[in-house]
Amino acid sequence: MVCLTRTALYVGRFQPFHLGHLEAISHILSKVDSLVLGVGSAQYSHTLENPFTAGERVTMIRLALNEGSVDASRYYIIPIEDVNIHSLWVSQVRSLTPRFEVVFSNEPLTRTLFREAGYVVEAIPFFSRTEYSATEVRRRMVEGEKWEPLVPSTVAEYIEEIDGIARIKALTKSDKLSVQAE
Amino acid sequence: MVCLTRTALYVGRFQPFHLGHLEAISHILSKVDSLVLGVGSAQYSHTLENPFTAGERVTMIRLALNEGSVDASRYYIIPIEDVNIHSLWVSQVRSLTPRFEVVFSNEPLTRTLFREAGYVVEAIPFFSRTEYSATEVRRRMVEGEKWEPLVPSTVAEYIEEIDGIARIKALTKSDKLSVQAE
Amino acid sequence: MVCLTRTALYVGRFQPFHLGHLEAISHILSKVDSLVLGVGSAQYSHTLENPFTAGERVTMIRLALNEGSVDASRYYIIPIEDVNIHSLWVSQVRSLTPRFEVVFSNEPLTRTLFREAGYVVEAIPFFSRTEYSATEVRRRMVEGEKWEPLVPSTVAEYIEEIDGIARIKALTKSDKLSVQAE
Amino acid sequence: MVCLTRTALYVGRFQPFHLGHLEAISHILSKVDSLVLGVGSAQYSHTLENPFTAGERVTMIRLALNEGSVDASRYYIIPIEDVNIHSLWVSQVRSLTPRFEVVFSNEPLTRTLFREAGYVVEAIPFFSRTEYSATEVRRRMVEGEKWEPLVPSTVAEYIEEIDGIARIKALTKSDKLSVQAE
Amino acid sequence: MVCLTRTALYVGRFQPFHLGHLEAISHILSKVDSLVLGVGSAQYSHTLENPFTAGERVTMIRLALNEGSVDASRYYIIPIEDVNIHSLWVSQVRSLTPRFEVVFSNEPLTRTLFREAGYVVEAIPFFSRTEYSATEVRRRMVEGEKWEPLVPSTVAEYIEEIDGIARIKALTKSDKLSVQAE
Amino acid sequence: MVCLTRTALYVGRFQPFHLGHLEAISHILSKVDSLVLGVGSAQYSHTLENPFTAGERVTMIRLALNEGSVDASRYYIIPIEDVNIHSLWVSQVRSLTPRFEVVFSNEPLTRTLFREAGYVVEAIPFFSRTEYSATEVRRRMVEGEKWEPLVPSTVAEYIEEIDGIARIKALTKSDKLSVQAE
C-alpha cells in the first residue's frame, strides 16, 4: 500500500558519484522503504566544481546502483536545479519529488532548512567525508593520480567513455572558467 | 556493455498519467533498450492545465509502471522545466538526461526542434489522442464525470489519496488562475 | 510583547486601490493586531491589467489609509513579485513579510495554497466584489466614465497627479501590449 | 566627430523583415546620421508569432540593407531580449545599444515608455501598416499564398535557403505551441 | 499637499539592523519629510552575509523605529531584490518605491548609479561605519561575543525570539554555504 | 551568393576593446569572408571586471574598426548575455547570431564547448595576451597609469567622452561591488 511506505530524501551533487555515496545510500535503504536521490546543482556542468551534466550524473547513479544490485524500483533519481534563494529551496525540492518523510544529510545548511520546514533530519553515520570525497576524486583527476579506486567500476568506465578526464583537464586551463575570452 | 544499448526519449506533461501514456511507453520499450521519460513543464502545478506537481507526476508514472510490471531499471523519470525559449530547449533536455539516440513524439514542434538538432524522430503509432487524452481526463475531473477508467488504477488511487479532485475543482473557481485577488 | 500580537496577511494587486479594499482592511484590522498588505504582481506595470507600478500602488495605499485615519504602525505594505510557480509562492510571500498567523482571502487559489501550507484562511465577508472592483474602475477609466467615486479621494488626486488616465488610454491603443512594434 | 552625430533608435521584431521596414529605415536615415536597429523579442523563435531566431532576423536585415545599398557603417543591428517588465525595458535597451537621442515608433506603449524616460519620440509617417505587415506576411506563408512580393528579394531567397516556410507550416500543426506533448 | 513633501531614499541590507542605521535614519528624517527604506538583497537569507530574510529585516526596522518613537507614517519599508545587472537597478528601485527626490548613500556604486540617472545624492555624515557595522555585529554573533549593545534592544529581543544566533552558527559550519552536500 | 561565404565567430568581453582585439580581428578577416563579433557578458556593467555596458562596447568596436578602415558590411556586432549554464551557451550564441562555420578562440572552455557541439575551432596565433590584455588596460586605468597606447585612439577618445575613468575609479572605492551599502 502506497501510504505505508516510508521514503527518505538524500541530496548530493555527485560530481562524480563515488563509493562514499554508495555506502550512504546502502545505509539509508536499510532504514526506509524507498529513497529520493536529488541531484543538486542540476543546471551546472563544465566547471571545475561541477564538471558533469545532470544527465551524466543520473547515468552514473543508475550504473553504480545496478552494479551494487540495488532494486531500481526502490529509488528515484531527480535532478534539482539550484534556485540560489535559500528560503525557496525546500519548497522547490518538495515540488519536484515524490513525498518523503525524512531527510538524510550531514550538511549544516540543508539540515537547518529542512528542520525549519518541520522535517525529521537524520545524520549519515559512516559516510566517510575525507576518504571518499568528490573533491578528492576531482583533484586526482586533474593531477593525473589514480582516482578509479574511489568510484564504482562502472562509473569509472562511463567517465572514460564520455572522455571526462579530458574535459576536466581542459577546464583547469581556463583562467577564470568564464566562457568568454578576454 | 553501456555503449550497445539503445535509448529513447519520450517527453510528456502527464497531467495526469493515463492509459494512452502507458500504451505509448509499452510500444517504445518494445523498440529500444531503455527509455528516458521527461516530465515536461516540471515547474508548474496548481493550474487547470497543470494541476499536479512534477513530484506527484513522477509518483504516478512509477505507480503505473510498477502496476504494468515494467522493470524499473529500464527507464528514467526526469522532470524538465520549461525554458520558454525554444532555441534552448533541446540543449536543456540533453543536459538533464542520460544519452538518447531516438526521440518518440507526435507533437510537431518537438519533432521540428529535435530534427533540426540532428536527432532521429519517430512517431508513436497507436497512441490514441482522442480516447485517452489528459485534457479529457481533466475535463471529467472538473465536471464530476467518471475519469477513473482512463487512468491506471494505482494512479486513480493516488489522485484520491492526495485529494487531487478537490484541488482541481478549487482551481476552476479561481477567475483567472492568478494567485492574487483583485 | 512581540509574540502576543496577532498578524494577518492580505494580498491584492490594488490596480488601483479602491473603496472595497479599504472596507476589507478595516474589517481585518477589527480582528487582528496588525496587518501585512502584500502588493501582488509587483514587477508589472504599464499593461491594461496592471497599469500602475508597485511604488505607485504603495503610495495609493498609504494615502488611502492616512485619509481613513488608520494608524501606520499597525500595518506593513510589502511589494511581492509574481514567481509564476505556484508551488513556491507561499514560501516567497513568507520570506518577504513579517510573521503572520492568518490569511484573509476570497480568492480560491490563494486559499488553496495557504491552506495546503497549513495556514488558517478566513473569508472577507463584506468585500463587495461587483460594486467595488478594480476591473470596473479600470473599465471606467478607459471609457471616460466617472471612476472617482469608487476610490478614496486622495487616491483619485494622486492618479491625476501622475497622469494615470492618459497612461491607461495610451495602453488601450497598443494592439497587443507588447513593447515591440511589428 | 563622435559627439556631433545624431543617432536614432528603431525597434521591431522583424518576423520577417519586409518592405515596410525598409521604407521606415530609409525615412529615418534621411533624418539622422546613424540608426540603432533593435531586434525585439530576441530570445523567441519557433512560434507562429516569432518563427525566426534573432540571428536569422539579423541576417535578413543585413541582406535587405545591402540590397538597398545602405552603407553598413551607418547602422547597428542589436538583438534585444524581452524582459516582460515594462518598467525596466528602456534601461535594458539603453544598456545594450550605442547612445541615441531620438526614438522612431508608432507603437503606443513604446512611445509612452520612452517619453516617460525623457526621450524625443517621433512617428514614422509613411510606414504603411496594412499593406506591409509582418502578420500579413506570416499569414500568407501559412496559407500558401504569394508572400515574396512583400519582402526584399534577398530576404525571400534567404527564407527559402533556411527552409523557413516548412518550419512555419510545422508550427501551425502544433496544437498549442508548447514543446511538450500531452 | 502630496506634491510639496520631499522624500528621500536610503537603501541598506540591514543584516541586522543596528544603531548606526538608526542614527542615519534620524539624520535623514531631520532633512526630509518622508523616507523610503529599501531593504536590499531582499531575496537572500540563510547565508553568512545575509542570515535574515527580508521579512525578518522589515520586522527589525519597524521594531527599532517604534522603539525610537519615529512616526510610522513618515517612512516606507520596501524589500528590493538584487537584479545583479547594475544598469537595471535604478529602474527597478524606482518601480518598487514611492517617488523620491534625493538619495542618501555613502556607497560609491550606489552613488554612481543614481547620479548617472540624474538624482541628487547626499552623503550620510555621522554614520560611523567602523563602530556600528553589520559585519561587526555578525562577527560577534558567530564568535559568541557581546553583540547586543550594537543594536536597538527590541531588535536584540527579536533576534533571540527567532533563534537567530543558532541559525548563524549553523551557517558557519557549512563548508561552502551551498545547500547541497558533496 | 549567400551560401558560398564563410563566416567566423569570435567572442570577447571587450572591457575595453584594445589593440590586441584589433589584431585578432584583422587576422580572422584575412581567413574568412565575414565575422560575427559576440560581445560577451552583455548584461553586465559598472563592475571592476565589466565597467562598460554592452552598448558602450559595441560603440568602441565600431569606432575602432572604422578607424582601422574595416568594411562594416563584413562584420556583425552582437551582444550576448551570459546564461551561466554552460550546457546552454552554444545554443544561445547560435540563436542570436547569423550562421557561422568556424570559431576562433584561445579560451579553453569556449573551445571545449564549441568542439563538443561539432564546430571547427581555430586558435588565434598572434593575439598577444600579455602585451595587449583588457585586464592590464583596466589596471592602468585604476592606478592612473598610461592606458591610452594600448587601445585604438578613437576608443581612448570615446572612453574620455563618457567619463569612463571616473566610473572605474568610483568602482574601486566600493568595498564589495554590491549596490547595497551595509
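Chains: A, B, C, D, E and F, in written order; residue numbering restarts at 1 for each.
FYI, a residue touches a chain if its C-beta (ideal position, glycine included) is under 8 Å from a C-beta of that chain, and two chains touch if they have at least 3 such contacts.
As the structure is a prediction and not an experimental result, all values here were calculated from the model.
Q: Spelling it out: a chain qualifies if it touches subunit A and also touches subunit C; which chains qualify?
A: Chains that touch both subunit A and subunit C, as defined above, are B, E.
Q: Can you report the angle of the rotation that maps subunit C onto subunit D, using C-alpha atoms only, to the nearest 5 degrees?
A: 120
Q: Subunit A-subunit E contact: same residues or different, taking over half shared as same?
A: Homomeric contact, different residues on each side for the most part.
Q: Could you work out how far the Cα centre of subunit B sits from that of subunit D, in whole Å?
A: 37
Q: Indicate the whole-number Å distance between the mean C-alpha point of subunit A and the mean C-alpha point of subunit D.
A: Inter-chain centre distance comes to 45 Å.
Q: Could you state the distance in Å from the CA-based centre of subunit C to that of subunit E?
A: So the centre of subunit C lies 25 Å away from the centre of subunit E.
Q: Could you check subunit A for residues that touch two or more other chains and list them?
A: Those would be 43, 45, 53, 85, 87, 94-95.
Q: Can you work out from the touch definition every pair of chains that touches here?
A: Applying the touch rule to all chain pairs gives A-B, A-C, A-E, A-F, B-C, B-D, B-F, C-D, C-E, D-E, D-F, E-F.
Q: Write out the stretch or stretches of subunit A touching subunit E in their complex.
A: 11-13, 15, 40-41, 82, 85-87, 89, 105-113, 129, 133-135
Q: Contact residues on subunit D for subunit F in the complex?
A: Listed in rising order, the residues are 2-3, 42-43, 45, 53-56, 58-59, 62-63, 66, 71-73, 76-79, 81, 94-99, 154, 157-158, 161.
Q: Give every residue of subunit A touching subunit F within the complex, in rising order.
A: 43-47, 53, 167, 170-171, 173-174, 177-182
Q: In the complex formed with subunit C, which residues of subunit A make contact?
A: 85, 87-88, 90-92, 94-95
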